[in-house]
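Heads up, the next two complexes both have chain A, just with different partners, chain B and then chain C.
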Partner chain A sequence: MPVDRRKALVFGAALALRLVLLLLFPSLPDLLTGRVEVSTPVNSFKRLQEGLFLYTRNISPYDGGVFHQAPILLPLFSLLPNSRDFPLPTAVFYSLIDLVNANALITISDSGQSVSSRLYSALRKDIRWDGASIAAWFLFNPFTIATCLGRPTSVLTTSGILYAVSNAVCGNSFNAMLALGFASYLSIYPALLFIPLVILCYDIQVQKAKTPSSATLFALKHFGILLASVAGLLGISALIIGDFGEFVSATYGFQLLVPDLTPNIGLWWYFFIEIFDSFREFFLGVFWLHLAGYVGGLTVRLRQQPLFIITSLLAFSPSSSHTRLMTAVMRYTFFASSALLYATLLGPAFYHLWIYAGSGNANFFYAITLVWSLGLSILLADTIFAALREEWELENPEMRGKDVRQV
Partner chain B sequence: MTVLFFFLSLLSLVCASLSSPSAPSDYHERLDLQPLPQSSLLASFNFRSNTSQESFEQRHFRYFPRALGQILQHAHTKELHLRFTTGRWDAESWGPRPWNGSKEGGTGVELWAWIDAVDDERAFAKWITLTQSLSGLFCASMNFVDSTRTTRPVVSFDPAEDHSPASSLHLLHGTLPGEVVCTENLTPFLKLLPCKGKAGISSLFDGHKLFDASWQSMSVDVRPICPEQGECLVQIEQTVDMVLDIDRSKRPRDNPIPRPVPNDQLACDASKPYHSDDTCYPLENTLEKGWSLAEVFGRSLNGVCPLTEGNPETVCLRVPNERRVDIPPEVTETRQADGYTRCFALHPSTPFDLSIPEQEVHSQVPLKERSLHAERTIVGHGQERGGMRIIFNNPSETSPVEFIYFETLPWFLRPFVHTLQATITGHDGVRRQVPSSQIVKETFYRPAIDRKRGTQLELTLSVPAASTVTLTYDFEKAILRYTEYPPDANRGFNVAPAVIRLNPQDNESSPIYIRTTSLLLPLPTPDFSMPYNVIILTSTVIALAFGNIFNLLVRRFVSKEEAAALMAQTLKGRLLGKIVALRDRIRGKTSKTE
Partner chain C sequence: MSSKPEGLESSNISCNDAPAMSSETVQRPPPPEKPAAILTRTKVIAAFWAVIIFLGFPIWWQTTSIHRARLPIQEMVNWASGKTCRPVFPLEIQFATPSLPVSDAQHLLRTTQHTLDDLNEFSAHHLRLKLLESSNIESNSPDGLRSITEDNADTVLSVRLIAQEDLTAPRSVLHSETTQLDVFYPPSQVPVPSSSNSPLSAFIAEELQRLFGEEKATIAHVLSNNNGADHQPAAVLNSLPPQIAETINKRERRSMKYAETYHLAFSLFTPGSAPSSWDIEAAIQEYLTPLLQAFSPISNFTVDTQVQLYAMFSPMTPQPEYDESQAAWTLKKEDLSAFINAAEWPLSPSIGSGPTINFILYVPAPSQSPMVVKENHATSWIIPQWGGVFLLNAPLSTSQPSNPSHLSKESLQSAFLTFSHQLLTLMGTPATPTSLPLRLQTLIRIRAASLLLSASSTMGSLARLTKSLPSIPIPASVATSVSTTLSHLSSACDQLREGRFAAALASARVAETEAERSFFEKSMVGQVYFPDEHKVAVYLPLLGPIGVPLAVGLLKELKRIIAGWKSRRSSP
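Here is the complex of A and B:
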């Protein structure tokens, strides 16, 4: 197999950059692990270490308020040497995960599904980057590097999602469902991607096989695979931990009910600090419903571009480790979004003012999270607009480049 | 005749059975006074009374306080220890603690009890009953001892040896480090005593002096005792230990502001070259301060409590034998063989006062060597995370010291046990990092659960001779919901003191307890003034995102011209058209007139 030289170069440089950063600034990983922009209570590497410590000493890590991550991570990470004494193996592990993710992105990009799928073929096919450039954009993105060094476990969820998509675009729908099952098992929300992913798989299958099987049957079959893979992983977890109910309430219950309000760049924490107690459950329901609500709308309207739906949905996920994924796959809106830049620069400063300097209060950081969310939503809306416009121009070629209105 | 004999014997039997329950009940009280370095005075009050187990169960109380007895019976509590403490014991200058620390609590209120219950859940329900009732009895906020402040220590406390073997006992332990102990707790405490502060040594208690002390600890202990012969007893022991600053206590209440010593009373070092009329190098006072009970306590002792049985020597003073002590002439003084202790036999309802005049000091009562020095502090800055540092110093040159370290942490302080590190500093003063397993022999750890349970950590440690061990671990501070903060949120949250239990070398004596000071933990705070603003702003941003995206999704594209045409058909479009036409007409008219 011929080795793509550009790809090898990008991968090598990315790996070297990560290791050089680690060697030059040995305290950088611990610093980033403590940053609220990188670590949330459900993916923090420090909490994982605590869970591992308890797990290797035969104390149930879920019988406490610190560890809320999936049980399968415990035996996985206990294979790695103690990261405090030997930081290098963990860093190499996380860098490799980044490379694996980049590889999946290349596969997605090279398949060309984003520009021409079964029902859709983009007009601006030529405006597109090749796989190696996308991998470079992903691997040298400062968000990605910060996440890699901060070592949150959510990168594994990202891998699961990316592999689900890359397998789907290759027509390997069984593996796609397994990977999605893995991602959903690690954190719940990737399950929302099931519908667009199954549409993507179906389109690819129809393209290849030419003899379309029943869509309902196809969806049901894949739903079965997804359920089976999640159930299998849960079964393994029950074998690892023993007490099934305990870990389910400590992981999924924790993610759904948000009892730990540690600040992050999302909107939820401050809202649920300040909300009146009697409305807490109601607004939790509203927020989750809001997240789930986009799946239906986007799927119905953008039926022809399932890959784009997946990309848009990822933008809603809660921390920067996913934002960098979105900026990587996105191709239409390439505008440097000043709102995001503003939030990126001022966020850490305002957090410092609140927590350390004491010269600002919680509203400073809260305001930045508002700006960040606003910036993201505008960016997303722009992307969706671009996709819809592209679709419309495809139907009405004479309208290309003209002013349009939405009614 | 036989009938009469039978009747008499029956009568005597009845009398015997009536008198027997009260036979083992008795009451003792004792006050120990000991001047400490830096013109302090340690006063230890001890009140002890018994009642037989049988009469306790039949609710036949004589010296045992009925209010407390009924609570204990209701809550199935077999053994109770309650502590109210304020201030800090200065171990550096005062030496080891009175009663080896066993009658002392951490700052605030500390309570632990053995409760008889079939399972843990019911024991906890009884515990809540107990804390609620005690809260009412002692006017303290013990009702705030909920599941997050309750722990179940494994090795730190031992029950009394004489519990009935049939009972299944559960130990529960709760602390309220933020509780301010004051007069309202002293009054119910005095009411439990048979003489209720009217006579005997308890007549010395004055809330103003007691709670002005540098350190004070009140304790109530109820435990079963089974003597070798005879029936089992329930014993209640109440103690009050306090360290008074003699100078401060002697100040009159109406003029409490300290004044400088007048010039003519200053003892100056005349050998200094700069000594003159207006400059003075003060000499250390070689005279020990004079004091009397009435001066220091603000009251005089009102005789001995008439209910006291046996030895009437209720007041003992520990000063060297050559020290002059003035006592009333009718009081007899006995000196003990150790050369330091003298006790006074008091008479009922005769006021008693002892005074020590100011005199030259030649010798001091030797203080015992401390076996361990412990210090616990929070390190780090910022409101996001921090670290705990505990320093143990073993002053002994020869033997290592083994002890149990027990701490409870509130749930919003999240410790990371994997970061536990130990450093050891030996004679040479060089800090060396050692694996913590070298110091920590055993660990019992129960992590906290948010809003349900606090952290419980019990370590068995061993500190080598003549060395200092420092344990550190990291923790993270949780941010709470805004209703969970107290009104003074920015003051911080109290963290209960750690309890250290030193097992005695020989198995004869009781363990020594040391408690560290309580800690103050600042947490990040939200802005309490703007829940509405946050709800509104967050909802606005979410609604913007939702509206923006669904607006795009549900509408269709048209060209600009089509849009104008479509616009004309709607009601709004037609209205606009009318307005434009009207405007044109008016414009046309005005142009005509011109």
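Here is the complex of A and C:
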């Protein structure tokens, strides 16, 4: 099959590229691991190694306040040989995760849900890329490669989300909920995707089975599955760690309360450095609400395109690793892409000026992260605009191709 | 919804087949909105506002409301002004009169008590004499003395009256290691029941007055510092001879501020390479631990030690001079303050939370040994509120002058006896009477009084602070601390009244700790300098841009609903 051959070619080339990079520049993974653009305190591979070290010596991995990741990663990664002495197995593991993610993307793309769902069918459905192109676009994206080499654990969250979506578009709603539960267990915010994902699953089910069951019942059932999967994972974690309260406060408490203000390319660290202490809790609430607030609005507005809601919501996630996921699904406008490029090039430079050279200050790096976020916002606004325009043209066929402006 | 750049062409997702039509000149009105679209918009706006109202406002309320726990303000003020508790110190003194019949003994006690009460002008501090009931029975038993010394801690002093034939006037002996006073008297001086006065009772009364004179003065001094309603202590203080007042002031200047825990740091400094070790653990165990145990009702102690070799004097310090007449190297008294090389000797100002008391054992170089203070040939001195120094002139071997490399426990004895004495002084122990247990008990009473007053005044300050700053939060922990403080203060006050001083000090310590904790609670002071108008600057930069589109959207929606409602009402 030609498509399969293309897919195999893309996958093989991607794997080869990663391994070649590793062999040519053996210090590259460690360099990237230390970069703030790739690792945050919540997903850093370095901190994972610290936790692993403590774990393999039977000390609570959360002692010392360095490790803040879910405990289920510990037995998983302790199976791999020490990444300092044998970097290859870890690199292969991460590359495989990338390939798995790409495979999920192909499934999503080939299902055609993005162009024609139950209540909606795109006008321009003939203009779409096939799965292999999207996989190539994803796998050869420099952001993806950098993340793969930098080895943050958030790639597993990404896999969880992608698998949730790919299972959902295949109508496998149970597996979708399990995957979403896994992602939510690793980091909290994927739980926000529950509503659009359930809508997606429901639409698929209605499309397949001609007798639609009650939507409320369907949602409740799946919410139960999600809860059960998260509870199961938490139970396994309690078995691994023993002290349940310590693990919850060290992982979820850490993610929710943001006590570690290590700079990353998000905007929270700067804000919470500057904020008055007595308002800190309030603005934490505001930020999380900001994250959660879009679920309702987007879901109502884009009810007909649930897959698109998920894509849009991912953009609000506090960490940046999902940028590469977005870039895999969309295309840039010139302005957004140049803003992102600008930030990508200047970010490391300004970070160096601030931290190492001492000739800049935190504002330098913060300005760059602002540009980065601006680029992402433009990208997001643009895609939402495009989706809405598409919908509008569908309703008003006579206006197709006309110039529009928002009022 | 997110705002879009105006006129930006939707050329991204999938409309590259649509040519740009911006040049089209015909302006057509946009097609009317469908009801479904309007409904969707309403739903979107409702969704955003639902999040704001049901999640945003509770969070805002929860995180920014100032929690002010209720404090018993009036009670706190009363404590601070001394209205609730007037500390009294009834000192119980037991009399054992093995050689007197009970009636005579009781008469003697009555007359002595009468004389004492006449002499005493400070009613808060008074002595109560009590006859040991069982004295007749136990007088013959060999452990009679033990039973007196081992009785309950509330008895301040035990007096034993012993008849001695060959005396013309009574005399007294105070045991220096127990709280016992032996009074020897000629049997002829026992007061006859008819007389109301006798030389013996006058002697005993005077003796007791003398024993507790310094304590009384110190307590009067402590109480007079409190600006309470009671003017008696100040009057007592003014009536004292000036040298006693001077002694008390001097002692107060020297002694450390009271703390729950003191860190004792013993340091061995020497300018050469020897001695490089000392038998410090055994020395502390033997010479210091008993004293620290005796201090345990008052404060806790931790002990650290260090050895510092090649410890040179600071270049600014005048070097010791050789004095032919004393055959020793001498330090001038006025230069002693510069003896410690604060810049180079590693004497940490604080280990942990409490204050540190430094004890320095200085072993002079063989070329400068022996070293003494010029004026009085002393080898040790105290540094007020800091610690003590001891010059240990190690015995030099005659063949080649060098210090021993190891200091044994025995060679440290004199140093540690001096350090113990310095520790007593630094803790503010009174110099009289000669009995150490008595002095420590006196210290317990002084500390109980001063802690009681200090915790009370902290309560007053906290009450004033919370009244004058209505915007500071008062966490529940502060309210708990305050109630703990108040309950311990009142129990300390009761225990003082009943003469149980050790228990009173224990309560007062708890009260003081809790009072300090509540006053210095960190979360209380966070918002002190945060006026309300600054909150605008905190809220607006982020919430303004978010809020304006939401508010405008809501307004438009409401306007449309109202217009629709009006037109529907007017149409029929």
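Note that the second predicted complex is superposed on the first by the 393 of 407 C-alpha atoms of A that agree within 3 Å, B and C clash if a C-alpha of one lies under 4 Å from a C-alpha of the other, contacts with A are read in each partner's own complex, and residues count from 1 in each chain.
Everything below uses one rule, namely that contacts are C-beta pairs under 8 Å (C-beta built on N, C-alpha and C of every residue); 3 or more make two chains touch, one makes a residue touch a chain.
Worth saying up front: this structure is predicted, and the values here are computed from it rather than measured.
> Putting chain B and chain C onto chain A via the overlay, clash or fit?
clash
> Between chain B (first) and chain C (second), which does A:381 come into contact with in this model arrangement: first, second, both, or neither?
Both partners, chain B and chain C.
> For A:225, is the partner it touches chain B (first), chain C (second), both, or none of the two (neither)?
neither
> Give one of first, second, both or neither to describe whether A:356 is in contact with chain B, with chain C, with both, or with none.
First partner only.
> Give one of first, second, both or neither to describe whether A:370 is in contact with chain B, with chain C, with both, or with none.
first
> For A:390 in the superposed arrangement: first (chain B), second (chain C), both or neither?
Only chain C; A:390 stays clear of chain B.
> Tell me the contact category for A:276 with respect to chain B and chain C: first, second, both or neither.
Touch partners of A:276: chain B and chain C.
> With both complexes overlaid on chain A, does A:292 touch chain B (first), chain C (second), both or neither?
second
> In the superposed arrangement, does A:34 touch chain B (first), chain C (second), both or neither?
first
> After superposing on chain A, check 81-89, 405-413, 423-431 or 495-503 and name the one in chain B that bumps into chain C.
Stretch 81-89 of chain B has C-alpha atoms clashing with chain C.
> Which residues form the common part of the chain A surface touched by chain B and by chain C?
Touching chain B in the first complex and chain C in the second, residues 275-277, 290, 293, 297, 300-301, 377-378, 380-381, 384-385, 389, 399, 402-406 of chain A appear in both lists.
> Mind pulling up the chain B residues that touch chain A in the complex?
381-385, 411, 414, 416-418, 445-451, 476, 478-483, 524-527, 530-531, 534-535, 537-538, 541-542, 544-546, 548-560, 562-563, 566
> Give the list of chain C residues in touch with chain A in this complex.
On the chain C side, the touching residues are 1-22, 24, 30-31, 34, 37, 40, 43-44, 47-48, 50-52, 55-56, 59-60, 62-64, 526-527, 530, 538, 542-543, 546.
> Note which residues of chain A are touching chain C in the complex, please.
Touch residues, chain A against chain C: 122-124, 127-128, 275-279, 281-286, 289-290, 292-293, 296-297, 299-301, 303, 330-333, 377-378, 380-387, 389-390, 395-396, 398-406.
> So in the complex, the part of chain A that touches chain B is made up of which residues?
Touching chain B from chain A are residues 34, 36, 46, 49-50, 52-54, 59, 63-66, 259-263, 267, 269-277, 287, 290, 293-294, 297-298, 300-301, 354-356, 358, 361-363, 366, 370, 373-374, 376-378, 380-381, 384-385, 388-389, 392, 399, 402-407.
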